[in-house]
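Two complexes come next, and they have one chain in common, chain A, joined by chain B in the first and chain C in the second.
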Partner chain A sequence: MKTDQLNSKSHNEIIPGKWARFVEGFRIFLSERLNAFSLGLTVFLILVAVFAPWIAPHPYDQVNPSYGMQPPSFEHLMGTDQAGRDILSRVLIGSRISLSIGLIAVIIGLFSGVLIGGFSGYFGGLIDEFVMRIVEIFMSVPGIVMALALVAVLGPSLPFIILALSIRRITQFARITRGAVLSVKQQDYVMACHGIGMSHIRIFFIHVLPNCAAPIIVLSSVMLGNVILTESTLSFLGMGIQEPTPSWGTMIAKGNEYLTFAPWVSVFPGLFLFLTMLAFNLLGDGLRDHLDPRGGNIV
Partner chain B sequence: MLIFIIVRRLIFSIPTIIGIGTLAFMLGHLTPGDPAIAALGIDIEGYSNVDQAEVERVRKELGLDKPILVQYVSWLGNALVGEFGRSYVSSVPVAELVFEALPSTLLLMLVTMALAVIVGISLGIISAIYRGRWGDYLARLITIVGVSTPTFWFAIILMLLFAFVFPILPITGDITQHGLKAMILPSFTIALHPAALIARIMRSSMLEVLSQEMTRTATAKGLSPQRIYLVHAFRNAVNPVITVVGFQFANLLGGAVAVEFIFSLPGLGSLLIEGIYEKDILVIQGAVLVISVAFALSNLAVDILYMLIDPRIRL
Partner chain C sequence: MPDRPILELRDLQTNFYTRQGVAKAVDHVSYSVHAGETLAVVGESGCGKSVTSLSVLRLIPDPPGKIVGGSVLFEGEELTEVSDQRMREIRGNDISMIFQEPMSSLNPMMTIGNQISEALIQHFGISKKAAFQKAEEMLTVVHIPDAKKWLHGYPHEMSGGMCQRVMIAMAICCNPKILIADEPTTALDVTIQAQILKLMEQLQQKLNTAIIFITHDLGIVAEIAQRVVVMYAGRKVEESTVRQLFAQPKHPYTVGLMTAVPRLENFLEEESAPSRLTEIPGAVPRLYNLPAGCAFVNRCSFATDQCRQEKPPFEEKSPGHWAACWQEIGS
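Coming up: the complex of A and B.
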């Protein structure tokens, strides 16, 4: 289905190579204006996060108590917080922290989830039954409740925060991958692989898993936004990143105390969080329409 | 036959619920250090100043002196009959705290869901009818913004707008003080996500139905567009929405946690977060267990409801 669509223009010519097909697919993806917008926004946010220390107009931890709670001005574009720290600088550095935590948690979830779900779906039987029961149990605990409880019990240090955020991703990736593997393994070409005596490992990694990539890629994008939101919620409730490390969640929580007379303290970090979520959600939507047009309801 | 299928589905959900109990039990034993001390709510640093007799008493009371398997079975048995131990802060039984918090959360969820369904379905229908025109674009803009807005931040913004700038609504969600008016801000906040998702599903489902031949037949026999959209197409398009509503009902429980806390609404979410701040392990366990079982049960209810509505889905 995917290759048909990509090759439609060139079906009388020589079949293009993998790279050419990728470029062509990418061009089709970008021809949708909303996709170009979301990809642009994502790239922009990533660049901002990478270069934050050089873009930030002030050191993010420079305290200046006599200059606290200043409204936005040319000197401080987003104003200053209770300790006189520049909010823009803290928001920029905060994006670094949020994005990297999100990325690490999604990568952990992706690798473990894809392997667990993939094997479970490929081999089936009792193991599959067992793994899916476990996944179902973990899926019954709302993500934020699970993360809160784990961090509360283990303590809000970075490794535990990442652990708390990735556990749910593992189950989500496992479920999606299993579903995809179940449908791919019944295809004729997989039967043919068995017929010519290929090993299970080779069939699984070379012939089944790559054909399950579409829903996994889509889920990764949606999950990135999701993990960042959960991390911010944890930090907002005081159970995530701790001061003085800047994090959007803690900044919004602090600002909540001064809401009536200094709303900028929590409004601007929230705006950045919103933009990040918007970028990943739109990108996820675009990728879903592009890669996986029929599987709209699986994520 | 349907009754057998439902009974089978009910039996299948028992291992899940026991599994949730196991998770909650493990939570109490994950704490670094002595669970008895954790149940007393004392930090590990304060270990040396702890009254040993008190610790021993708690250890006996919680049965922590027995083998872990025995502890597990008795904990699970107690949890099944709603016995979660006592909160160390208030020494009130946790079950009582949960029972007091439950009505607020349930009411909040019902109001929120009603709001989300009404707004979501209307937006979805408008979007489908005006496909490719400004009404569609506006509705879709609202949904994508709705899905991407961080709930806890939206709560603060709404608070700022409607409790401070235009002081027309109460800032807390306590209905005993302000009546149903107190539910408006919290439920609007939480309804944002589910409403956006419902609108999306409704739009695509409605578009699919409108492209079917029955719609053309209805037009051909001279029915008014209103009748086609709101009666014929709507009825055929609403099924997927019911599934989403069910799943969202479960998600609301998670979404409500931070929002309840922000609006100081005395529900399960506030109970959980206060338990976390006080390091009240037994309250955390109880709240996690009740929230998760409610989550699992509402998914179960949706499955059964769906089987009753759509006879094709009888697994």
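Coming up: the complex of A and C.
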């Protein structure tokens, strides 16, 4: 017994509970200033989107033609557009639309992509070849062109825009997951699971997928920013959210005409778009460094 | 032995189909183990020891590997033919395996308690709470202090020796009839090796488990095994009791293995300077193109023309002692 005690690395060390581990990992994550900044910004943007109708000083569709193109003032903090609508209110409501489209498209992409790519990588063989060739076909077309084509055929309504945006996410998630599964299924512990008689389905969901989580989490965060940008591009090109529903892309496009004498019409939605992209991309980078075991902090 | 062996391999053949050709990783290997007995399988790296045991559990990745012939009888049941479902019931429950690398054979994302209880829930269908209780008991059995705490620990928080003990706990928690230990002590340092071996011996006495011990360490063989099978290039070259093997090895490969073990006495003798450790020249031949005769011929100092042309039969050289060699070694 004596030698046992010498061998055990941390005999007197207390094994932290699940919650304590999470808190500790979170603390390490936040100790990086950039991470704290990006997480704070993300939370701020989400809160703004959730409470937009209550924060917005004016109704977003209140038209006041005689009061158009006003520069920022106390009454209208970001000025008004050509129809005299309050830009701040429209930006706030627009953030709801952008964030929810981004979230829904990423969630659809995440679930279907992870399942398709995961099964394809785990079981391999002909199915894998088949699925991956299809994925490659989708990836050979530039994302924005495919989204444009789909919306042009199906019509620019919300469900179709989300569909157009999520198809590409499915292929991206499928590829990333497949790659991760291919490396995880070679691991000794997967063989050990077979050795104790576990079924394939159980091994796949309980042992293989959780070990692929890190790249998937990082991709989700980066994708969220990406989808929002693509949606704004679609709207900018007139194939996205239609008036009078506010969308950052549409607002930037409309303000484009007045950029020389009324820059606030497109600059403020552009600023919000920029901040959103910044927040999600920095968050993604931070998560990648944090979740990478070579970085030192294993969650 | 009068009673029937619990596991019997007959002419087992496993091939790997690769681009370079067909590698006969297991070539007509037969051996058997009885309950409560320890059989050691010895050989260099790449001799087919591990593949043989993985074939028993049908864990060979297919493709490229495939069991192409022979039979594996577990209590009279033909394992090469049973359904995948039945095979899963046997794995972990009746026959379980301890893997080589303790650190990488545990899932880094899962707590120790969860991993041990997996097998229990799988085979006995007990509740998670009961499984955790049993897991704690098993950790105590394998001498892990503060078992209750470690149930919630992760593998990266443990030392290699502790991980190996967790692996053993996982392997024995369903009271298997056969335990296949694939170099369980190779990754550990010598003091922990001794503990692990002692632990396995205790468990064997308690549960009357048959142990197939795969190793390349002859010291360990002498310590724990009753019978030995020596493998070379996918074939069995010698089989006997431990005592006979060490007293009178009948195959030049076994002789080579034994002279390659450093002996403390040689260094302690005062008159003679310590002699240089002898090694077996060359390496295990590629399995794609084995020589026509004996596979060991190119490394053997006794080789003759007959050895080069004809495969030596596996024959009984003295009672209870078989070897595959044309020459009369050590008699």
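Here is the rule we go by: the second predicted complex is superposed on the first by the 280 of 299 C-alpha atoms of A that agree within 3 Å, B and C clash if a C-alpha of one lies under 4 Å from a C-alpha of the other, contacts with A are read in each partner's own complex, and residues count from 1 in each chain.
Keep this in mind: contacts are C-beta pairs under 8 Å (C-beta built on N, C-alpha and C of every residue); 3 or more make two chains touch, one makes a residue touch a chain.
Only a predicted model underlies this, so the values are computations on that prediction, with no experimental measurement involved.
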| item | value |
| --- | --- |
| Partner chain in contact with A:Ser31 - chain B first, chain C second, else both or neither | neither |
| Which superposed partner A:Ala192 touches (first chain B, second chain C, both, neither) | second |
| First (chain B), second (chain C), both or neither touched by A:Asn211 | second |
| First, second, both or neither for A:Ser66, with chain B first and chain C second | neither |
| In the superposition, chain B vs chain C on chain A residues touched | B |
| Which of chain B and chain C A:Thr233 touches, first, second, both or neither | first |
| Chain A residues contacted in one complex by chain B, in the other by chain C | none |
| Contacting residues of chain A [partner chain B, same complex] | 133-134, 136-138, 140-146, 148-150, 152-155, 225, 229, 232-233, 236-239, 249, 252, 255-256, 259-260, 263, 266-267, 270, 273-274, 277-278, 281-282, 285, 296-297 |
| Parts of chain A lying in touch with chain C, wherever the complex brings them together | 1, 3-5, 7-11, 14-15, 17-18, 187-189, 191-199, 202, 206-207, 210-211, 213, 298 |
| Contacting residues of chain B [partner chain A, same complex] | 15-16, 19-20, 22-23, 27-28, 30-32, 144-145, 147-153, 156-157, 159-160, 164, 201, 204, 240, 250-251, 253-255, 257-258, 261-262, 272-273, 275-277, 279, 281, 284, 287-288, 291-293, 295-296, 299 |
| Contact footprint of chain A on chain C as seen in their complex | 57, 59, 87-93, 96-97, 99-101, 104-110, 118-119, 122-123, 143-146, 149-150, 152-153, 156-159, 161-162, 167, 170-171, 191-192, 195 |
